[in-house]
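Residue numbering begins at 1 within each chain, and the chains themselves are lettered A, B, C and D in the order written.
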Amino acid sequence: MVPLSWYLVFAAALFSIGMFGVLSRRNAVAILLGIELMLNAVNINLAAFWRYGDVRLMTGQVFAIIVFAVAAAEVAVGLALVISVYRNRHTVVADEIDMLKW
Amino acid sequence: MTTETLIWLIPLPPLLAFFLIVLFTNKSKALSHTIGVGAAALSFIGSMVVFVRALGVEHLGESPFESAVNWLPTGDTWFRIGVLIDPLGAAVLFFVAITILMIFLYSVGYHNYGQPAGDHDVKGLPPHGATITDEHGHKHVVPSVEPMYSRFFAFLGLFAFGMYTLVVSDNLLTLFVGWEIMGLCSYLLIGFWYGKPSARDAAVKAFMTTRIGDVFMLLGIAFLYSATGTLTFREIFTEETLHALASTPAWFGMTTSGFIALLLFIGTVGKSAQWPLHVWLPDAMEGPTPVSAMIHAATMVSAGVYAVIRMFPLLTADYTGHGLTVTMSIVAFIGAFTALFAATIAVAQNDIKRVLAYSTISQLGYMIAALGIGAYVAAAFHLITHAFFKALLFLGSGSVIHGMEHGVLHTGNHHVDPQDMYNMGGLRKKMPITFWTFLIGGFALAGFPLVTAGFWSKDEILADAFGHGHLAVFVTLAIAAFLTAFYTMRQITLTFLGEPRTEEAKHAQETPWTMTTPLIVLAFFAVTYGWVGIPEHFPLLGGLVPNWFHEFVGSTLAEHPEAIEFNPIPLLTSIGVAGGGLILGWLYYRNVKSVSEDKFQIPLLKNKYYFDEAYNFLFVKPAYWFAENIVYKFLDKGVIDGILHAFGPFTQGTGSALRNYIDLPVINRAIGDGSAEITYWFGGKLRAIQTGRVQQYLMLALVTFIVIGAALYFFVLA
Amino acid sequence: MTGEQIVFLVVAFFTLAAGFMVVTTRNLVHAALWLVAALFGVAVTYVTLHANFLAVVQVVVYIGAIAILFIFAVMLTRRDMRDQGPQMNKNWWLGALLAVLTFGGLYFLLQGWEGMTKTATSYPVSFDAISELGSALVSPVGYVLPFEVASVLLVAALVGAVYVAFNPRNGDTRK
Amino acid sequence: MNFIATHLLSTILFFPAVAALVMLFLPKDETKLHKWFALGASLVPFVLSLVLWFNFDPAQPGYQFEEMYTWYAAIGSSLHLGVDGLSLSMVLLTTLLTPIAILASFSINDRTKAYMILFLFLETGMLGVFMALDLLIFFVFWEVGLVPMYFLINQWGSANRNYASMKFMIYTMGGSLGLLLAVQLLGVLFKTYDLQVITEQWATYTAPIGGIPASTFKAVAFWAFVIAFAVKVPLWPFHTWLPDAHTEAPTAGSMILAGVLLKLGAYGFLRLVLPLYPEEAKYFAGALAFLAVAAIVFGAFGSYAQTDFKRLVAYSSVNHMGFVVLGIAAAAYAAGTADAHIALNGAILQMFNHGLSAAGMFFLVGVIYERTHTRNLEELGGLFPLVPVYGGILIFTSMASLGLPGLNGFISEFLVVRGAFGVGVNSVPVMAIYTAVAMLGLLFTGAYILKGIKKVLHGPMNEHWAHGEHKLTEINAREVIVMVPLMVLILWIGLYPAWILDVINKAVVVLF
């Protein structure tokens, strides 16, 4: 059997990779991609804890579903924003979208 | 009506007259003088009824008419005021009532009632005469009526009220009330012609000088009240009270009774114009003549002596009969000294009224001296006779002046002073009634033997002084008596005898009946009143008429004074000085034709020993200087306000120091601005991280999260 | 090493590798495709966890909708982003460091947890996870509230996305 | 009517304030309306205080018509009102003088609305002090009175009014700081501000306070009280605000200032200092008497030195109020004796009398000032022939001020002198000396009064004011009406003082 720790380490790794993407990519769409990875890492954890806990308690799965929904919403809004920004400023480089400053 | 009720009512008519005239009738001269004279007559009638009833009471001294009501609540007790008519009061009431009525009557004529209003008369100045055209078309200048005629009667009424109050009082406080009301009236009446600066100043001087005495008197009253708990005469003059007062030592080596008596006496010194507070009285001649008579003869100055006579038991409470007490010595000294001192000044005066003024001072000194040596009855006797003949003389002099003013109006030469005796002469033919009555008054004043009242009363004082061995007093008074006779004769000679020295004197006129009637009435008393007090052992006359006065007034005292043994020496002295003075006066002055020939115009005497100047220099000016420069400018404006004003700069200084050294640098700059600057600096530095780049924010958040999380983990959880 | 473990390791390796490619590939279209791969790996992981429904949803929603959405977005915005310039910002090393640190931190924390080595109980044979999940989602005593909130969120996001992406200028021309 | 019967004091107290509030809604330019409204509004308390006077039972000891409402429960302060013979006479004086002063200010045409409102508020402030039986309320009303007076001087005063009003305000407020502190101390100590409670306990309080002996504390608190009241009386050397304030204030302001406001200080002595600090008062009575005598003498001298008629009258207040304090000091020396009662009777009656005569004098100065626009004595003089009625009234009032027997001033001054001298003779010899020295002041009272009359009325007829545009007009009917009540009372008290003195006397016997 696969121990729980494997799943957790796997999820942590995926999370870190996603985070790296979020922090490092210039392209706003790519940042969103990184966020998707991170969300998935979380979902893995949720599912793993469901499986390794009492399977009759559906909390883990329920929250995984909700995370799906949130992720969908987030992508929809995020991409809309990216497109809107792109339309106005003709760029999707996160560094160049820096109006929100001193 | 009971006698007590009547006594209560005696002072009221003049008071009512005052209010009626002031409030309602002041526009009408006739109504005003009717009310005034009517009120005086009512009081006169009341007084006479009381006097007659008093005569009918046996032992009036022990059981006088008295009645009192609660007046002032003082803690748990009441201060009562009331009326009292004992023999002394009755005797005084008698002469007061007569003279007051006479003066009221005289005023009608004196102020030219019935004459036209003056051409240029203004309120506050004596009338200057009016021009009228007679049926032949000739223009005459005649005397004009006083513009403030009604007011005069109002003031006289108030004055009369004061005097009556004083006389009928059964206690020292209401006596003082009457005393002060008279003071006010003398102020108002002396300053009646307030338009004249001299009159205005004389009024203030009179009030202030007497007030000096009054405050001492008030203190004396307070002392007496404190010591005995009462101010009612008959409660004070009981054996125990007097004994208690006499045996308690007070200050300056005097007993309490002596000290209180001295304080009260100072009041008299002011009121009766004794040295050294005599200066106001001659100046008071600025008032209309009836006022002078009122103040000097009948009422106010007599009130001073009356007060001392009233307080005689207190004055002599510690007197054992051997050697005068301190207080009595002072009283005797001041009286005798004043008698002589004023007489010397009178010799050198040329103003007919001023001579009388100094004569009054001198005669009051007589009475005071008599009281100082314990001659109670003699003093009271002289008080009354003097009131009659001095009122007579004043009114007579007023009549003379009035006659002279006629002359002045006739000639139109207003530079002639109608009061200067050297402008007169030979008036006996022009003004016979005035002359004869004045002669009677003058002789009474001089003490012309046997027939005049003045002789009997003055003789009694001299006899008392001699009989009790007060030789110094006796000699002083004898000399004063001589001078009195001398200046009296001088006055008569210069005024009435000889030939007129001026045109004005030639045209002088006898005065109307309203003025001469009072002269005649008073002349009657100036002669006859002496007969009620002829000593029993007097040669020939003694015993013909009982010595009623001594018996009657003497019974006021609990211990009836003994009549003095007859002694020819004072009698001869008295006859000698009076006769000698009169003869010398006549001999010398019948030849004097003008001022320059008068050898007695000695500057020192003429200038009244320079007392006015000295007082002005010593008291009046320094007082004002002290008030203005020390109290007001130095103390109030300088020191106190200076300190107050120093608060301003001090506060401002403190304030600006706080501002400049604390608020501005420390609080504003360092704390206030400093914190802002620090924040600004930090903000400036920190804004570098506000790049607006999402990823950098995130990184920063993560770094922080990791650092804090690690720190928490290692330091808190572990 | 059991078969399951081997399967897991393979899937995990594949997923991580795909994820790594997502964040490093220069070409965004490629990156989006690599994301699809990674998501597929995650779906497999769900299967190994007996969460079949999640696996299906993963494939349908993520791969079928989200990933495709990404590809559209990339294509819509790729005019200037195609290939020029670096795809990493200049702080990428810090991002890498932070990612490593995060992983290290997580690992460290997990390591200290006693439930780490827990093994799964055998899956109950007759257990109907899907119907359980369904009734949990809509049961008043279950998770109906978060479920509804999520649905509201979705609607809001939908409206918001439309609004944000809507081009007023285009709207005007359409009129 | 039942309400008024049970709330008589508070009705009297707050009626003017309520009327002032109503006045706010009157139209601004209706000058006549303002005047008549204010006059009517101030007559109501007067009538009510007459009702109070006739329903007051002098024979009954203690306070009557007491009312008590919680005001500030947390610190134990309540609106506690009540009158005894002492405060009753002062209440009557206040309610009498206010309509008179308002009538006197009918000649004012500048911002009458504000003026009258301030006057009505002033009345409430003054009445409050006299009625308060609670220390904090006392202090509140004490300070409330200042504000309207400040504005009256500052807004309607003459040339130097800014200086005068500032001096008045700062001086009086500065003086009462200590009072406030001392009042707070008592409040903290006894958990209440009720005067009756505190009086009972504080006079015999001996426990140390915060480690400091009670005697020290009491001495300090005593002086805090004394200075506050001394400034107000005013006692020498705290008096210099008075001539300035009086001189610059409008006529009616001076009337109230001299007539009532000065009495607040003396009332404070009687109501608070003597009952609260019998020991200290006795101990320091010598100092108090010294200051009183200084006030009498220097007040008289100061008055004598003036060339400004109004300032002369103002200084006379220092002189007269000195007698009040002299009586109080004498009473403090020998509390409980007949001498003390007489002295206090005199002092309280002197307060009342000075209220009448000083108000009258200030009004008369105002009458002449309104016509000539000068107060300089050198420019006046010789006015008697021009204004005989005015002259008569002026002489009458001056004589009351001078203390002429037969008028009111004499009675009170005599009683004070008698009481003080009695204390001197029977217990403390030094008082006799003080009284004797005070006589000097009495002498100079005569000097300055006569100077005033001489310089205003007497002398050759003043041509400047006799003709043409400067022609002096006689005192008019309204002004005579202002003076009549004052003169009637002056004469009435002078002839038969028992009607008021009996009330005062009974209170004094109970209190001291």
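Definition applied: a residue touches a chain if its C-beta (ideal position, glycine included) is under 8 Å from a C-beta of that chain, and two chains touch if they have at least 3 such contacts.
Not measured: the values here are computed from a predicted model.
Student: Identify the chain whose mean C-alpha position lies nearest to the mean of all protein C-alpha atoms shown.
Tutor: Ranked by how close its C-alpha centre lies to the overall one, first comes D.
Student: Looking at B-C and B-D, which one has the bigger number of contacting C-beta pairs?
Tutor: B-D
Student: Measuring between Cα centroids, which chain is at the maximum distance from chain A?
Tutor: The chain farthest from chain A, judged by C-alpha centres, is B.
Student: Please compute the C-alpha centroid of chain B, do the same for chain C, then give the distance between them in whole Å.
Tutor: The answer is 125 Å.
Student: Averaging over Cα atoms per chain, report the distance between chain C and chain D in Å.
Tutor: 94
Student: Would you kindly tell me how far, in whole Å, the mean C-alpha position of chain D lies from that of chain B?
Tutor: 32
Student: In whole angstrom, what separates the CA-based centres of chain A and chain B?
Tutor: 120
Student: So which bits of chain A are touching at least two other chains?
Tutor: Touching at least two other chains: 19, 22-24, 94-95.
Student: If I count partner chains per residue in chain C, which residues reach a count of at least 2?
Tutor: 89, 91, 94-95, 98, 102
Student: Let me know each pair of chains that touch one another.
Tutor: Every pair of chains in contact is listed here: A-B, A-C, B-C, B-D.
Student: Please output the residues of chain A touching chain C within their complex, sorted ascending.
Tutor: 1-10, 12-27, 29-30, 32-34, 36-37, 40, 43-44, 47-48, 50-52, 55-56, 58-59, 61-66, 68-77, 79-84, 86-87, 90-95
Student: Can you check the complex and tell me which residues of chain A touch chain B?
Tutor: That would be residues 19, 22-24, 31, 94-95, 97-102 of chain A.
Student: State the interface residues of chain C toward chain A in the complex, per the touch definition above.
Tutor: Within the complex, chain C contacts chain A at residues 2, 4-5, 8, 12, 15-16, 19-20, 22-23, 28, 31-32, 35, 38-39, 42, 45-46, 48-51, 53-54, 57-58, 61-62, 65-66, 69-70, 73-74, 76-77, 80-81, 85-89, 91-92, 94-96, 98-100, 102-103, 106-107, 110, 115-121, 123-124, 127, 129, 132-133, 136-137, 142-143, 146-147, 150-151, 153-154, 156-158, 160-165, 167.
Student: Can you check the complex and tell me which residues of chain B touch chain C?
Tutor: For chain B paired with chain C, touching residues are 695-696, 699, 702-703, 706, 709-710.
Student: Which chain D residues qualify as touching chain B in the complex?
Tutor: 167, 171, 237, 239-240, 243, 298, 301-302, 304-306, 338-339, 341-342, 345, 382, 384-385, 388, 392, 395, 399, 404-406, 410-411, 414-415, 417-418, 420-422, 424-426, 432, 435-436, 439-440, 442-444, 446-447, 450-451, 454, 457-461, 496-498, 501-502, 505-506, 508-509
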